[in-house]
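Working notes for the structure below.
Naming follows writing order (A, B, C and D), and every chain is counted from residue 1.
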């Protein structure tokens, strides 16, 4: 491999890592809900894309600068998150671990279908920010839009971590995730914590959806399944329930994905990522940061 | 019979196989998002067998089923150690790997001046067995249902047999089943193998029905549907998943006005049913009730007489 | 007891496979060019189909042609009622109006039902105002520059 | 087998994290014996049962059954060798019928050797007769086609008991079989345990209900904080000051 190839390889890995913040956010979303309820919300990525769509819809109604679209996506994501909880979790018998899996799959289909119906399945353009900015660092070029996505993702994660570890709400969330019965006795309303968790993850998801749209430059309902799969991969590789794990795994998966795409082309790329997931599941089901190995 | 009706019924028949295949694993309490992989493997294997190797259809279907079962067992051995969620994700990962592999698979042979065989993402065209052998679509539909009825009767026998009861035991309480002397791992792998064979049969029939298959047909959506059929129709009997297929394809087909909203209805149906009937329409309790009524009408003869009590227990 | 019945079943199966009649009919192999345009109604498309014999390249006229459709992304789950295509003035050209259930990629089934049976499958992407090439199965997660 | 040892526990130890649930317990059960195992709540009785039937891996020590080391065997193989159990809180297959619950539990080494077809398709004549006798013995004959989940509490207890016997165990582990029973039912239980012993089943009985243990057990072992603090006949254990200390007046507790 000569020097140019090496530079190209590193460049593509760097691009992937920057985009990987989206995966990290998705992984955090899956992991947060798993942490509180020990359930996987399969409709999460679809809801995130749905929130991004909703923000476009709002943007087309109200003339506003493109930056606002991210705030709107976050808000829409929060609302959708609450709705997902009410429809997919609140009334489903939680004793059966597989029931919520199916109900959230149902929601995934539902959200996808609503998007297809309102847009007739045509991909929509999404406002990309700083897409014309390119920051040269040595022989490498960092794309402005990806940089923006990366910075936004980092800000989002920092805020989330502060929220979880420095506020009373975060304490309650962690209490419920570790000792549901005891925390109820301490006066923490599980229902309230659950809804709040779903709203917060919804906000995170909405931002992730908007970031995806901004990085690709368009939105399509076809995105929600691959993103669901990527989010699950990140969650499992990072270790179910581990937030640092999700962040690391998100960046790693993003980087590896682009690395494989550079080496083997787009059609083979996902094969290796799936292989990685499969290997993790079989040989190290607890993920990188083993938190709750073999739970559920 | 009208072409349209033949088409609908053939589709229902073919999809029933993958619904049954997901159902076997549901019986053992595992959710698999990956049955479409074995459907795809069966479809490709059987299609290659007839179109490229010139095998007869029956051999191709059996071959597809065998390959489906074999691969299901191979995947089942490492993944079935995982439980619930982890197993579901592992099957999902496997199925996506299979789909991507089929997108990369190119194996074409020049037959009669035309290239035939899987051509990556462009799919596998010209699985022309039914045209070359002049099988009408009605005949092929009858063939599908003959295989389905045969499979179903085997299945009903299986459900009444010790094996079926063991699957249900494992589904209800895996640890407890182990404490009754049942090797849970072995039976789960067996269930996976049966599921793989069923999906393989369905795939083989599907390939010959449409004459054209492509990798993206076998994505997660198909797997999710096949799971949902069992959950809607019920886990009490093998008729459950068939009822699910009938509700989805048959009923929605009957109410054409709803066709555009089918996924919305379908998704909603799954969510509602999980709340009001967590084990589907035909769940164990209902099946037991029906069975009891049946026995009242037709008393079963030949019960074993009670032995003299007080003997060694 | 089990072994004998197993052996019997296997032998029967092999016998069936080996001696199963297999007739390969020398026949016309069709090839088709399909051009669809959105019609006035939503989800309706007018298609012009040109049928040729793939070996001799001569136009195939006077066939009974049915046009059906299936969605590759949801195999066997959409049942579009097949419509009969009418022969146009031009030799080997047929016209049909198909009614689909949703936008997206559809595999059109062009079924020759007489005098010779054959099926040609064409995958096309049907959108609200145009019909074009099918989307690739790949959904790139983000475009490269 | 005369007075051969059916079960031997050597230095049986199980730690959960820092908790020493069972800590170096030595115990032997002779063939045909009824051994009572008592101790205050949390003293490790149920953990011992779980270790004997193979639900948890051991931290240290060995389990010998009929002289052979079975410490590493998975639960289902132990059943085939002849160890079955009941549960403190009833665990049945609620969606199977009473008859099916017993049928699929017939998994002793001998029962596995029946002809394939009759065993897998409805049970051989002998196996079905065995189930019918069992149903009769536990007074469940009229419920044979009922779903186990629909039975009343007492019937479920009896069914669980019957199921534990279906695999023709050599050693039966009873985990608080009298919990939730009234006096009359306990009396029936007492006589059933005795009858089983007459038929050659060795019993390890864990029970809070002291009257039952004192009346039915040949020997009694007492656990406290995961360790064996006493062993002997009912009267010897009762008069042992260490035991009295451990229980501190809760000897009749439930």
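The rule is short, and it goes like this: a residue touches a chain if its C-beta (ideal position, glycine included) is under 8 Å from a C-beta of that chain, and two chains touch if they have at least 3 such contacts.
If you're wondering where the values come from, they're calculated on a predicted model, not measured in any experiment.
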Chain pair with the higher count of C-beta pairs in contact (B-D, A-C): B-D
Central chain (distance from its CA mean to the mean of all protein CA atoms): B
Centre-of-Cα separation between subunit D and subunit B, whole angstrom: 41
Subunit C and subunit D: spacing of chain centres that average the CA atoms, whole Å: 65
Inter-centroid spacing, subunit C versus subunit B (mean Cα positions, whole Å): 25
Multi-chain contact sites of subunit C, meaning residues that touch two or more partners: 102, 138
Residues of subunit D whose C-beta touches two or more other chains: none
In subunit A, residues with contacts to at least two other chains: 267
Residue ranges of subunit A in contact with subunit B within the complex: 40, 87-88, 91-93, 96-99, 101-103, 105-110, 112-114, 117, 225, 229, 232-233, 236, 240, 267-268, 270-271, 274-275, 277-278, 281-282, 285, 294, 296
Parts of subunit B lying in touch with subunit C, wherever the complex brings them together: 3-4, 7-8, 10-11, 14-15, 54-59, 62, 103, 112-114, 121, 123, 125, 128, 131-134, 136, 206, 209-219, 221-222, 225, 248-249, 253, 259-260, 262
Complex contacts: residues of subunit B adjacent to subunit D: 157, 160-163, 165-166, 168-169, 172-173, 175-176, 178-184, 284-285, 288, 292, 295, 304, 306-307, 309, 311-313
Touching residues on subunit D, where the partner in the complex is subunit B: 53, 55, 74-76, 79-80, 84-85, 91, 93-97, 100, 103-105, 107-108, 119-123, 125, 128-129, 132-134, 136-137, 141, 145, 147, 163, 165, 167, 195-196, 199
Subunit C residues touching subunit A - in the complex, by the definition given at the top: 102-104, 127-128, 135, 138-145
